[in-house]
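In what follows, chain A forms one complex with chain B and a second complex with chain C.
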Partner chain A sequence: MTILSTPSPPPSHPAETRRDHSLTRAAGKVLARRAAQAVGVTLAVTITCFVIVQNLPGDIAFRIAAGRYGYDKVDASTAAEVRADVNLDAPAWQQLGGWILDALRLDFGTSLVTGASVTDELALHLTATLQLAAVALVLSVAGGLLLGLLAAQNRGGAVDRLTDAWVSLVRALPPFILGLVLIIVFSVQLGWVPAAGHGERGNIVLPAITLAVGLSGLFARVTRDAVAQVLESGHVHFARTKGLARHVVLARHVIRNAGVTLVSYIGVQVLILVEGVVVVESLFAWPGLGHALVHAVFWRDIPAMQATVLALALIVVVVSTLVDLAVLALDPRTREAQ
Partner chain B sequence: MNITQQANGKAPDMPAPSSPTTLWGMSGPVRRRLSWTRAASAGLLAVLVLFALIGPLVWRQYAGQDLSQFLRPPSFAEPFGNDHLGRSVIARLAHATRLSLGLALLCVTTAGIAGVALGLLAAWRRGWVDQLLLGISEIFLALPALLIVLIFAALASGEMWTIYLGIALAQWVEYFRVVRARSLSVFASPAVEAANLLRLGPVHVLRRHLCPELAPVLLTMASLGMATAVLAMSTLSYVGVGLKPPTAELGLLITESLPFYYEAPWMVAAPIVVLLLLLSGLLGLRTQEVRR
Partner chain C sequence: MTIELLDVRVTHQGRALVDVPQLSLEPGRAVTLVGESGSGKSLLAHALMGSLPSSLQVQGLVSFGGERTPLQDAAARRKLWGHQLALLPQEPVLALDPTMRVDRQVAEGHPGFLRGRRGRLAALKEAGNRLAGLGLHGVQGAYPHTLSGGMAQRVAFAAATIGGAEVLIADEPSKGLDPVARDALAQLLSRHVEQGGSLLTITHDLDLARALDGELLVMHQAGIVEQGPARQVLAAPTHPWTRRLLEAEPGRWDPAWRNPAPETGAAVPLIEARGLAKAFGGRTLFSDLDVSISPGERLALTGPSGCGKTTLGGILLRLVDPDAGEVNHHAELAGGRLQKLYQDPAVAFPARVPISAGLRDVVRRHNVSPERVPLLMDRLRLGHSLLDRRPGEVSGGELQRLATIRAMLLNPLVVFADEPTSRLDLLTQQETVNCLMEQVAEQDAALVLVTHDVGLAAAVADRHLSLEEAVPVASGRDAIAPQGSR
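Then we have the complex of A and B:
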């Protein structure tokens, strides 16, 4: 690259407005696609749950009656009451239609086990999960970014090799085993933090670390690869040749370019996070969506399962949408691909 | 679970790197080290497969209880001692390894065949078939694999077929997306156009153009998918919604031995080590692919 090949002149005003149009158009397409995805997921999960309920062993009316009135008061008359109330004698397609309409109104009925409103409980679980996920995500992004940047700065060096080993180790380490080891070391042996539960100070430490460690390894590798790729590129060489200080090159030219890859990787991370949440919350008795889901599956509480699965899936859709939009805003080239 | 998603969230959209060495700036020594890792992983896996195949023949009694052998420490005949019911730990481990590897292989084969077939179909027919399959795969993409497996576990919890179907159903999407994307570009390539003009027929295109393009990716995805399946299965039984005791399964072995971790640490350590070795063996096979 020579000095003569000057960068193209700054875009004039009309070009600028045209680019803004391309952004809105691309954003509209992204939103439409993601909305279709959200509706599709809602329908698929609702229909599946409906089919499962239809095929549960035993009479569903008795199960619901047990949830509502307690196991002592279950008999033919309460079951008949439930049957009339929930419209269980209607043809299957009518019931399914009712389920879908209810799901769209965010009304998931009552739990088959506790008899409480699923939607009310969902709000509590959602808060707990978002709390945990936010802490874990911040920890992992900070740790992963730092490691990845250091490793990319000095490829083949000690930090790079250590990061490499760390990443491989973390990938082959199932979250439930990591959580187990953390509990044994830090709460049983050392007694620094409580092992499980919610509401006490320090309860969030172990589950958040367990989640963050799993995420940070991959994030470190993606950061390293993205930054390394940008560092090799012509414009970074040029910036160096121009005499810019190392940190200026990093801040102005490298991080922003690598950011596109990193932001789109967060979309992948949220899938890992959701799965991790299911395992880690069960392990540490953290009362979030994942914990509720495992309970619902264990007790075959299908309405609760439907609600938690949908909530987790919609979190994935929402985060993916935000990531898509962020990438469009960061990298104009992606707008044409839409 | 998460392991697969990481690669395949990226894989379909990533342009094929023209020159792997320069793209990620990988230096010589790193490459050599990675292929060494691969050989080590293959060796490790071979040992584990051997253990899974021969172990159950050597140590047949995996369910027989003998309370007089309660928590007996390791000896020459019983390298990992006996558990709280006096059962041989190594016999249970061998059976659990066989179960994990077998079920994982079954899941991956099913998901692979279905995903590849549908991916080829979508790329070949285009039009509404493609759109329909793409739409269905979008729904699956919003559902993390573990959620799909959990829904199936609710159908009939503790039964093997629900876990098998759940994992297979969660994994076909990845094969579908990758095969579809790669086949589309292969079908559009000048080489295939020439083959079509020469009337060499679909079998030729499949053998000479699609297979060489797809095989390495598919093999990588399969080893990853097996790791995912092994992990999903042990996680499910660990949290109590997978297979049920007295089945010998890695996650269950860990759960069952936990209450005795103070008296018999070897009993807890053995299944954890086997699980870790299994996962790192399966993941190590593909290290090179990650770094290209």
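Then we have the complex of A and C:
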């Protein structure tokens, strides 16, 4: 075997400090790169979004007026009023520039429809989305990882086949049907939890379960394959012949190695959770970001939309950064590549 | 404690893979099993270890100092793992957890490691001592990917033996090691024996068997065909199979394809490199190096692991950029007339596609006559049915020959072979190299062979370029003069 190069023997100060150095250095580089990315993403998303809204069919003032007063009361005069009120006649670059300058001061303006502060509304939606995503994630990771781990231990066994069936079932089931079934069973029939809404006790249970069920299948499958692959590896066999018991090998070698794959995968799913759950949010009247974005686009509530899109874009950057850092911590080989 | 295996039979669907009536391991004695791939030698070791795949059936008895248990009872032997029975794995680089520092991996085999904080600290301390004792000062906290193959092998040795097992089974321990690392390994194994341990080594490396110098058993087709003191068996083999094995060592080859009178380069070189320099990970691999490859010549790039042979090869192929210097390819090399064979042919074929598809693509892309594929299959002594299989379903030697066919379809002017046989046993190596060289001679292609096997280099090449151990840039010594071309 030809190894490209033998690195110089590491200096002989204690291992702990050396480990921390390489990790800190690599983490610093990741943070710097991701910070630059955040700036770029912010600009790109803000401008693209603004351009798209300007070019959507239909008159913006009419849509905003309809949002404010209802369709029945919209006519040319209310539209003209709105146009003057929100200064829609100003050149597009002035509107965009103004928004960016305000956003730099963390002033996202007021909603064109409700007149409320966009910052306050965004905080509400963001909190709601993160809450829902967090609970759904914890449930699905706990269930999926456990199932996948058990399935991988005994491939072809009962748990493995059960996992297969579970994955097929929950992936084939559209979330809105699952959500409706859960509402009918647990809310209408049993009356254990409220059907929909936000702010009451137990509101989060059904939307979180709806999301978690679908995800748990994916996590179970990916965990099973990742763990199975690590179990087949030479270092796991060697660890066993050192005399270590099965569960010790699992804890010391298998989980961390499989974790490298899993962390990246979970990161992608978190993003889908945050961004792609409009259906579930709508079904359960959950005031999340996706829900807010759909409404803002519908009523051409430009400041609210810009702020929501920006929040979503930055969440992508933050989650990707967290995944990068977790992988760096788990797998030393990635540190040198930084 | 003497260990005795009696009437061992390992079968797969009724077919005997191992059939050995008796084998004993005694303290202070090295036992070495040699044979080609598929002779059953590795299965015999795993039968003793109790780590056979569950698809295989095993019969027979094992006696530990007189106490007999059936070989089927693998669970009984699993209880001995680490403290009485230890395995030194093949491919140590793969046997170490890439995400864990090496001293932890060594320490976890210590009996005290899982017994509280004090036991753990004691185990780590002992691991550090053992690693230092093997010449691995200062790498305790290193991760495996920063080690050379030889260093990884020593770490694996420390990890396998820290549990104090008397019986050590080494499964192809020298696979992929260069001669220096192999000799160091042989010393470690011999030391285990001198300290009163017993040793069973499975290998196809006759040099390792010579260095261990204990009892030698030659395996062929599931059975042991010859046994005796290693020196005697290797010097005066009685069984025809043993003789064939010995004749497969590159030093004894007398092939028809050998270049009778190598040309002395009047021709325009196909590849010409001047003033090459490359540093890697803070080490100078080489500097101010000139290399030229003329039509039809056979050049070997040799040197220990980590000296930069493969990197130099990459630079000559213009796959890697040098730090300084330039590489010129003759215009005739365009259009795929420079071909590379990889150390692990499996990486050069798509895993889930039949081999025939990959060959067909080459035929189509380069307008090669399709009849040449079956023709070459015959010439390289490969059954045509292999084409329908996937890369994982043929042996390593066969896959390397298929890779040779793919390269030869293009009538290459230069064939670049990067350790093409370092993972193969001696007989398979001989067969594979014969097939390659017959084609090289027939098409009058130039050959560049990268290898750490000096014997193979001598058997194949007319000209040798040897790289020395890489030196740290900081040490100030400027690198590596290429040692004289002949």
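Basically, the second predicted complex is superposed on the first by the 258 of 338 C-alpha atoms of A that agree within 3 Å, B and C clash if a C-alpha of one lies under 4 Å from a C-alpha of the other, contacts with A are read in each partner's own complex, and residues count from 1 in each chain.
The criterion applied here is as follows: contacts are C-beta pairs under 8 Å (C-beta built on N, C-alpha and C of every residue); 3 or more make two chains touch, one makes a residue touch a chain.
Just so it is clear, the model here is predicted, and its values are computed rather than measured.
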Open item on the list: A:235 in the overlay: touching chain B, chain C, both, or neither? Say first, second, both or neither.
Closed with: second
Open item on the list: Contacts for A:243 in the overlay, against chain B (first) and chain C (second): which applies, first, second, both or neither?
Closed with: second
Open item on the list: A:40 in the overlay: touching chain B, chain C, both, or neither? Say first, second, both or neither.
Closed with: first
Open item on the list: Looking at A:192 after the superposition, I want to know if it touches chain B, chain C, both of them or none. Which is it: first, second, both, neither?
Closed with: neither
Open item on the list: On chain A, which stretch or stretches are contacted by chain B in one complex as well as by chain C in the other?
Closed with: none
Open item on the list: Please output the residues of chain A touching chain B within their complex, sorted ascending.
Closed with: 33, 36-38, 40-41, 44-45, 48-49, 52, 55, 155-156, 168, 171-177, 180, 184, 214, 218, 221, 225, 228-229, 231-232, 265, 267-268, 271-272, 274-276, 278-279, 282-283, 293-294, 296-298, 300, 302, 305, 309, 312-314, 316-317, 320
Task: Complex contact set, residues of chain B against chain A - done: 1-3, 5-6, 9-10, 22-25, 27, 29-30, 37, 135, 138-139, 141-147, 150-151, 153-155, 157, 227, 231, 234-235, 238-241, 251, 254, 258, 261, 272, 275-276, 279-280, 283-284, 287, 290-291
Task: chain C to chain A touching residues, read off their complex - done: 49, 51, 81-83, 86-87, 89, 91, 93-101, 103, 105, 108-109, 114, 137-143, 145-149, 151, 156, 159-160, 163, 176-177, 280-283, 285, 305-306, 308-311, 343, 418-419, 422, 450, 452, 470, 472, 474
TODO: Spell out the residues on chain A that touch chain C in their complex, using ranges where they run on.
DONE: 1-12, 14-16, 18-19, 233-235, 237-244, 248, 252-253, 256-257, 260, 330-333
